[in-house]
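In this document, chain identifiers A, B, C and D correspond to the written order of the chains, with residue numbering beginning at 1 in each.
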Amino acid sequence: MIQIFVTGGTFDKEYNFVTGKLFFQDSNLPEMLDRGRCTLDLNVRTLMMVDSLELTDLDRENIVNNCRGVATNQILITHGTDTMQQTAEYIAKADIQGKTIVLTGAMIPYAFGSSSDGFFNLGSALAFVQSLPPGVYVAMNGRYFSWDGVKKNRSTGYFEPV
Amino acid sequence: MIQIFVTGGTFDKEYNFVTGKLFFQDSNLPEMLDRGRCTLDLNVRTLMMVDSLELTDLDRENIVNNCRGVATNQILITHGTDTMQQTAEYIAKADIQGKTIVLTGAMIPYAFGSSSDGFFNLGSALAFVQSLPPGVYVAMNGRYFSWDGVKKNRSTGYFEPV
Amino acid sequence: MIQIFVTGGTFDKEYNFVTGKLFFQDSNLPEMLDRGRCTLDLNVRTLMMVDSLELTDLDRENIVNNCRGVATNQILITHGTDTMQQTAEYIAKADIQGKTIVLTGAMIPYAFGSSSDGFFNLGSALAFVQSLPPGVYVAMNGRYFSWDGVKKNRSTGYFEPV
Amino acid sequence: MIQIFVTGGTFDKEYNFVTGKLFFQDSNLPEMLDRGRCTLDLNVRTLMMVDSLELTDLDRENIVNNCRGVATNQILITHGTDTMQQTAEYIAKADIQGKTIVLTGAMIPYAFGSSSDGFFNLGSALAFVQSLPPGVYVAMNGRYFSWDGVKKNRSTGYFEPV
């Protein structure tokens, strides 16, 4: 079984037509998994719905506790890209044994339809969580990076090895 | 470097508005990789553009020769779903050593926009080709299957273990 | 009140992933009107769901009877493009008095998402049916044509004045 | 010939993946007209690219001058919805004779793909500008409203007659 934890991020941002601002509603994950015709045994749980710039260490502790507590070794976390590396580092330092934990997200909201990278990223992250050895990883741009070998380039939006 | 071989299939079907029929034009792969913000070192080559029901053993021999000839160990093949298992078997029996070969496709053409599974499948297949040990695999429905452990259920369109 | 009669055509074609063929299911009209945030007083009724090349004069007589029988003077008909002009002519010759009847359709199925002209055509046809004087019209390519002043160019797919 | 003046608004908002904010880039009009397979004789000119809450009377005077100066009687203006009625009123009070001027916009950006009302609104506004008598109108929700007979309901986002 694969556990998916939803934490928000661009991935799940929606457009509020009354205010003209982006906001969070329900996660798009169930619709995306349906559209991907995904037949994996999955459990989806929303832990929070926030912009990753607003994630606190208390939130990260919550994520760690959930990763530790769940009875599976394959965990996928959807997360905003701005602090994805920090959260990956926080989880890695909690030293959870024997689990493959993959963080992914999107640069363009899934709600933006044909221009979003989110659906592609979800496919690759689900594959990585099934096939990589235990550890904490970031999956973006079709690639995977170890938690201590990646940073987001803030001007291009691409994740790069360090 | 990852080699992508395009062979056609539903993945790349387009709508011809003059005839009202589906047909093949150029592959959607480059646009999809761009949209996925993919930064992998990739080479894309179209070997053929056919419905997989029309694939002959001569075509399969061509695919095998290309897999053998290319100087990389990571190969992704986009393929129609109807005979994806047969082509995987044909390649496996050619006994190419040391290469991870992943076949993927789509149940709904990428050109159909928001209902297509193709973009998700591409993401997962690219991830599997980077992380699975040498062998021949089918990547569909978010999962991977060994070439000798899968069949397509023709009434539901899902790939199932055998 | 505006009456919409659905007759099928490319507008409403869907992709059957089991057979790989295009087919008709339910009309996309309700979803399209919702997405267009349309607040017009509308009634939608499906008369048939066929490719317009298969429309018989019996079907056209059925359409005429429905146009005559309905208690409104504004009627929109969604229709395949191949024989849209013939059906317009058939209706015109039935000489229904005092009604504005507009036929529209699509060159690319609405199910194809971002490449379809259907949503644009629906918007223009709904506007024309509210604002044109009684008569029978074809609304395609952002324009309206009197039933006896239009033909479809079969090689380009555009409607042209004659 | 139909003149289209672009002024910005939600219609043309794009997502900036570096800042995570909505912004204006080039207008989507040319792509939309192409997708709508529109064969009307059109001229598109961008007058400004602003959120309509930021439109000043100087901007509105600029719009009026352009409406007056252009050598056609059919003018379509794309505009933010928040002050669409105010701009329509401003134009109406300038008392331009013999011209049909239609303002339209969108509640959801065209860049959001399948959930946007923009493409539908463009189709209906183009049809109204061809078929309504001289005057100043707002075209939204599939309907047209005289400039002095409409207001936007800010909690629902629908335009309503007054």
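FYI, a contact is a pair of C-beta atoms (placed from the backbone, for glycine too) under 8 Å apart; a residue touches a chain by one contact, two chains touch by 3 or more.
None of the values given here were measured: they were computed from a predicted structure.
J.: Where each step is a move between two chains that touch, what is the least number of such steps from chain B to chain D?
T.: The distance in steps between these two chains is 1.
J.: Using just the Cα atoms, superpose chain C onto chain D and tell me the rotation angle to the nearest 5°.
T.: The C-alpha superposition of chain C onto chain D needs 180 degrees.
J.: What whole-Å value do you get for the distance between chain C and chain D if each is reduced to the mean of its CA atoms?
T.: Their C-alpha centroids are separated by 26 Å.
J.: How many Å are there between the centre of chain B and the centre of chain C, using C-alpha atoms for each centre?
T.: Comparing mean C-alpha positions, chain C is 38 Å from chain B.
J.: Suppose each chain is reduced to the average of its Cα coordinates; what separation in Å results between chain A and chain C?
T.: About 44 Å, centre to centre.
J.: Give me the residues of chain D that touch two or more other chains.
T.: Those would be 107, 113-115, 157.
J.: Does the chain-touch network form a line, ring, star, complete graph or other?
T.: Shape of the chain contacts: complete, all pairs touching.
J.: Where on chain B is chain D touching in the complex?
T.: For this pair, the touching residues of chain B are 113-114.
J.: Quick check on the complex: what are the chain B residues that touch chain C?
T.: 10, 15, 17-18, 20, 22, 51, 82, 107-109, 111-115, 154-157
J.: How about chain A: which of its residues touch chain B in the complex?
T.: The touching residues are 32-33, 35-40, 107, 113-117, 119-128, 130-132, 139-144, 157-159.
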